[in-house]
Amino acid sequence: MAVAAYEQLRPTVVRAAPTHLEVADVSLTYESRRGRVPALDRLSFDVAQGAFVSVLGPSGCGKSTLLKLASGLLRPMAGRIRLAGEPVTAPRRDVGIVFQQPTLLPWKTVLENVLVPIRAMGRDASAGRERALELLRLVKLEPFAANYPHELSGGMQQRVGIARGLIHDPALLLMDEPFAALDAMTRETMMDELQRIWMSTGKSVLFITHSIPEAVYLSDRILVLSPRPGRLLHSVDVDLPRPRTIETMADPRFVALASRLRQAFVAMAEPA
Amino acid sequence: MAVAAYEQLRPTVVRAAPTHLEVADVSLTYESRRGRVPALDRLSFDVAQGAFVSVLGPSGCGKSTLLKLASGLLRPMAGRIRLAGEPVTAPRRDVGIVFQQPTLLPWKTVLENVLVPIRAMGRDASAGRERALELLRLVKLEPFAANYPHELSGGMQQRVGIARGLIHDPALLLMDEPFAALDAMTRETMMDELQRIWMSTGKSVLFITHSIPEAVYLSDRILVLSPRPGRLLHSVDVDLPRPRTIETMADPRFVALASRLRQAFVAMAEPA
Amino acid sequence: AAADKVTYAIPTAITQQYADLTFGITLGFFADEGIDLQLVSLSNTPTVPQVANKSLVFANSTADGQLQALAKGERIDVRFFYNYLRGSVYTFSVKDDSPIGTIADLKGKKLGIGALTWGNIPMSRAILAEAGIAWQKDITVVPIGVGPAAWRQLQTGQVDVMNYYISENEKMRTAGIAVRTLPYPDRYRHMFSSALVAHVDMIRDKPDLLARFGRAMAKLSVACKAAREACARSFWQVYPATRPTPDKEAEALALGVRLLDGNYQSIGFFPDGKEEWGSFKPDSWNIHVQVLADGGVLPRADLPVETLYTNQFVPEFNKFDRDAVIAKARAAEAKND
Amino acid sequence: MMEPRHALDVVKAVVPPLATGVVIVAVWAWATRPGGLDAFVLPSPMAVLRALYQGWIGGTLLPHALATGKAALGGLVIGALAGLASGALIVLIRPLEYLMMPLVTALQSVPKIALAPLIISYFGFGLESKVFTVALLCFFPLFVAAATGMRAVDPRLLDMYRAFSASPLHILLHARLPAAAPYVFGALQIAVVLALIGCVVSEFVASTEGLGFIIKSGSGELDIAGMFAAILSLSAMGVAAGLLVKEAQRRIVFWS
Amino acid sequence: MMEPRHALDVVKAVVPPLATGVVIVAVWAWATRPGGLDAFVLPSPMAVLRALYQGWIGGTLLPHALATGKAALGGLVIGALAGLASGALIVLIRPLEYLMMPLVTALQSVPKIALAPLIISYFGFGLESKVFTVALLCFFPLFVAAATGMRAVDPRLLDMYRAFSASPLHILLHARLPAAAPYVFGALQIAVVLALIGCVVSEFVASTEGLGFIIKSGSGELDIAGMFAAILSLSAMGVAAGLLVKEAQRRIVFWS
């Protein structure tokens, strides 16, 4: 691989804020009847308290796997994962997750699907209802609160999943390509809403995307993973001012960063 | 809605090639227990023989519904749909379809999933195998031919769906956000491959996407639908030279068209 | 005093064949003795264990099971105390037009039995052996079940002879199959087919109840003997759902009467002329044991059979006004005509 | 689907079974024509109809049908709930499966008739014995359905619930149970039939009432028409119960 | 899952049922202690064990177990295939459901014992009657499973197949059948048990061999221990068949 091509991508500067999520030397290999598929290879990075970190990487490089590890759904085969200093051994209540596929319950209405975390955690659902409707308004699905998932389009289902990930006001938000199924406009609205929520609540976010502009627009830092098995290729700080707006996208620094990331991808695709 | 904003978008000029797919005055309303959801409203357009037509529109505006109508999976409640001059009353063998969700058979290997149309149509699968492996190479999944779908990542599954839609060499290809789950690089490779296949085989393509650059890059014509119920807002011809390459994206006409489309979207989102 | 609740089971379906029991109910014989009777049908499962386990107060049973247990040295805490079907109810029947005339003619023929598990098999083996016919050698024995499916076997000549109880013959005749029974060796007619058992604790603790129950049984037998039709009809009174459609009633009544006739050949079997209801003849036990021993069912014939039954209540059973009972039965008969 | 049903739907639902009924009766009449099957093997439809009419109009069959229905329903409810709960249990506590499955299969492989003496010893000759026998029979299909259906849930939904810290019990009730619903209703279809059969069989063995008692005494008395009247009543109860289950399924499992 | 099983797995699979067995035998021994249940209602474990040993070592039980097993297997195969095919048929041809479902339910609600005379009239007293009775019993669970399972398939998969012009039959075989597989295996669990019971019950009616014959003659002769030995052999056959079904399921329905 042409390593020289991304010399301009500087390594991350360690931040002052305490570490929220710590991924240290994590490896994971899937065992299937077809053999072993190594998905992640000695991956290490931190997400500082209140930071917005995006993960970019080619399809099948282990991004969703990383999310499952961070959420405690999977356990690493090597290395360790800590959340607020504690080892992650099981899913935690202060973590919210938006899956790559919507994974809605077909027998519950949109509203009830959004309320799933509240009910699962045994919290008061009546208070949650207000918040759920508010989040549905945010994702532009309020009129569909009483509908069932199969009555929604693909993008609408994905938006229900986003609302669900936010309902219990988690301190750490894990998002797996949440905007992939959305059109350009809806996506931009959602990006702005996410930035607003993040800035106003101080959540930490680990955000998986395959859209370079999206990553640059939202992140404090962008991690670029190699093709399967995912290794950390680059960690890029984005120090564009906040809040970022449509204008930010025209900022030369934005454009330059996006094109540098794109080149990193191009280089990755080239045979070593 | 600020209609004035897109006056610069000219209506489509009728082409000389014979019509392959004709959508005339088509409306469809879903009936659910929550009431009626109008999804498409008097939609009319043609896809000429060998043309590449993209559909852009906000989430939930009826794009997937349109595809189901064109494939014969749904019947319109008003209006008519013709394929090569014949009314579409059921799915046809000369049409290929890539769904928004991968919809793979969990009990079949990747290779067998790609072969599904061949077997469904009762064609010779042994000849199909060669082609299937070739297509899997195209979507970069050859090493996974013998794996099962649940062993693939989201983007990999979507790519299996793309290969499946092409296996029987259909004259008309219907694609519902086929590249949505792919990273920037893979997506670009796929776009180029699709353009190559299309140019070399003379297929007609109806391509749903929510990526404006993708639409501009690939299409002869772009249809922009209004929010639900989907009506035709704009039909824009793209007369950039073929084959288009990465450089095309830097072409000022490309950039201008993309930004006009973006503005059309912005205008749509503003309250009327 | 409150009536004694008594669960009494018979080991087959309750049909009109047992109309004498319902006659006892409708004529009030059980109530008169201070007994609240619950009549239970217990088919496909032996009754004796249930009595031994005190799930049942009384039950009808054949002797074979206990004899075999006795031979194995096992003790069941039940005793026979009332002899009900006093003689054998089994017959060998052939089609009316069959050339077979006696049991000796059965050599080389095909015999249909209910099942290899039936209690009459040892006796039948003994009877055939006496006629010089070896079981499954000189005669082919096939189980053919009961009811219409079995009858067809005889009707269509798949078996030449059936070894069933009297009532089955009556049913076949009613169904239009003319059958004839072969003369049955006298010695075997003395073997009782069914008698009432009670737990030994009952015999010790509640002799009075046994006496009263047996007396009611004796009365109903006398009554049913005296008024056959009313007896048969009483069944429909107690089990209204079994009453046939009016057009079939006469036919059904005729069958009912014939079934009772058949049964009463056994119930009323007093070869020495003295009506002594409920009594066991030690002789018949000895014959029974001998037959089973000869048939190889029992390892030996010298069993202490007297430990299996008691005649101690027989005098009590027979303490009633026979004529009054007959009068009551006849009165019931008259009401129906 | 939720709209008031059209007349056409009613016609569709009523005509075919009626037509089938007519065909069956015709074949039956033909089979029992003079010279056909003996009346004591299979009585003519007319004779059975007459017996049915008498039994139901005369009101003599009703108490027996009620007795059978009551025991069947009671046993069904108890057996089904126990089966569901046990099935859920082995899903919840995996190692329990190795314990329970062979045990349950062993118990179920024993014909209930053979167990009758034991059952009677404990429950006597009344309703309780019947209810217990029926419950024993109905237990198994529901047990298997719960165990199978609750495992057939989409693993992504389980991951989703786990990610939101749902307890295994919460997942059981909110994800596994609804996912198992089609299995459970299928099992209920089988269970209603088993309940009726089980009830009747235990009435064969020991009873003083119920349709089984009537069938048994009908066969003993050569009232074959009466016996078939009871059998048909039983079938009608089975069909009615089956339709009820279907309708409940249509309403409850609306999403599939 | 496909790796060779570890010793630990074997231990896990063997120890709990063994432990359960020990507990059951203990309870049983306690229930039949002197002063407990009468030996003629429930014989002691030792007595049954002795009878089992004699029956199997002496070789007297083997031919009967084989006879029962053969009829049960034959009936199971026929009934299951017929049930599957009929279930598939009503899925393929929707209106048939209105015709077949009530008919099948009605037929199934009739206790097979009541049908015995009819069955014997047609099939005689041999193997055929038993096989037919068993097939009749096994038909229903498979029928319901096929009908339910083949409808429970993901509608998007059906759309996908339709879009590629697959015939309904092709869809049935390639999408509906695999989707119904967990249902079918659940039904098979139930069917193997019903097959054994059905076989034994028809051996009760009239037969010369089979475990049902032994159970029946045991009960007639008050050889209750012998009867229980036969019952336990039957249970063991049920458990073995159930485990076979489980193992087949594990291999065939690998994707769930």
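We call the chains A, B, C, D and E, going by the order they appear; numbering starts again at 1 in every chain.
By our rule, a contact is a pair of C-beta atoms (placed from the backbone, for glycine too) under 8 Å apart; a residue touches a chain by one contact, two chains touch by 3 or more.
Predicted model only: the values in this text are computed from it and were never measured.
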Target subunit D, source subunit A, minimum contact steps: 1
Fewest hops from subunit A to subunit B - one hop per pair of touching chains: 1
Contact-richer chain pair [B-E vs C-E]: C-E
Longest centre-to-centre distance from subunit B, chain (CA-based): C
Most distant chain from subunit A, judged by the mean position of its C-alpha atoms: C
Centre-of-Cα separation between subunit E and subunit D, whole angstrom: 17
For subunit B paired with subunit C, centre-to-centre distance based on mean C-alpha positions, whole Å: 86
Chain centre separation in whole Å, for subunit E relative to subunit C (CA means): 38
Mean-CA-position distance for subunit D and subunit B (Å): 50
Subunit A: positions in contact with at least two other chains: 101, 148
Multi-chain contact sites of subunit E, meaning residues that touch two or more partners: 37, 41, 117-118, 121, 204, 219, 254, 256
Multi-partner residues of subunit C (at least 2 other chains): 44-46, 49-50, 53, 147-149, 152
Of subunit E, residues touching subunit D in the complex: 12-13, 16-17, 19-20, 24, 37, 41-42, 95, 98-99, 101-103, 105-114, 117-118, 121, 140-141, 144-145, 147-149, 151-152, 182-183, 185-187, 189-190, 193, 196-197, 200-201, 204, 212, 215, 219, 227, 231, 234-239, 242-243, 246, 256
Parts of subunit C lying in touch with subunit E, wherever the complex brings them together: 44-46, 48-50, 52-53, 64-66, 68-69, 74, 76-77, 114-119, 142-150, 152
Touching residues on subunit A, where the partner in the complex is subunit D: 68, 71-73, 90-93, 95, 97, 99, 101, 103, 105-107, 116-117, 119-122, 148, 150, 168
Subunit D residues touching subunit A - in the complex, by the definition given at the top: 154, 156-157, 159-167, 170, 174-175, 178, 254-256
Residues of subunit B touching subunit A in the complex: 30, 32, 34, 37, 56-60, 63-64, 100-101, 146-148, 151-156, 159, 177, 180-187, 189, 210-212, 262, 265-266, 268-269
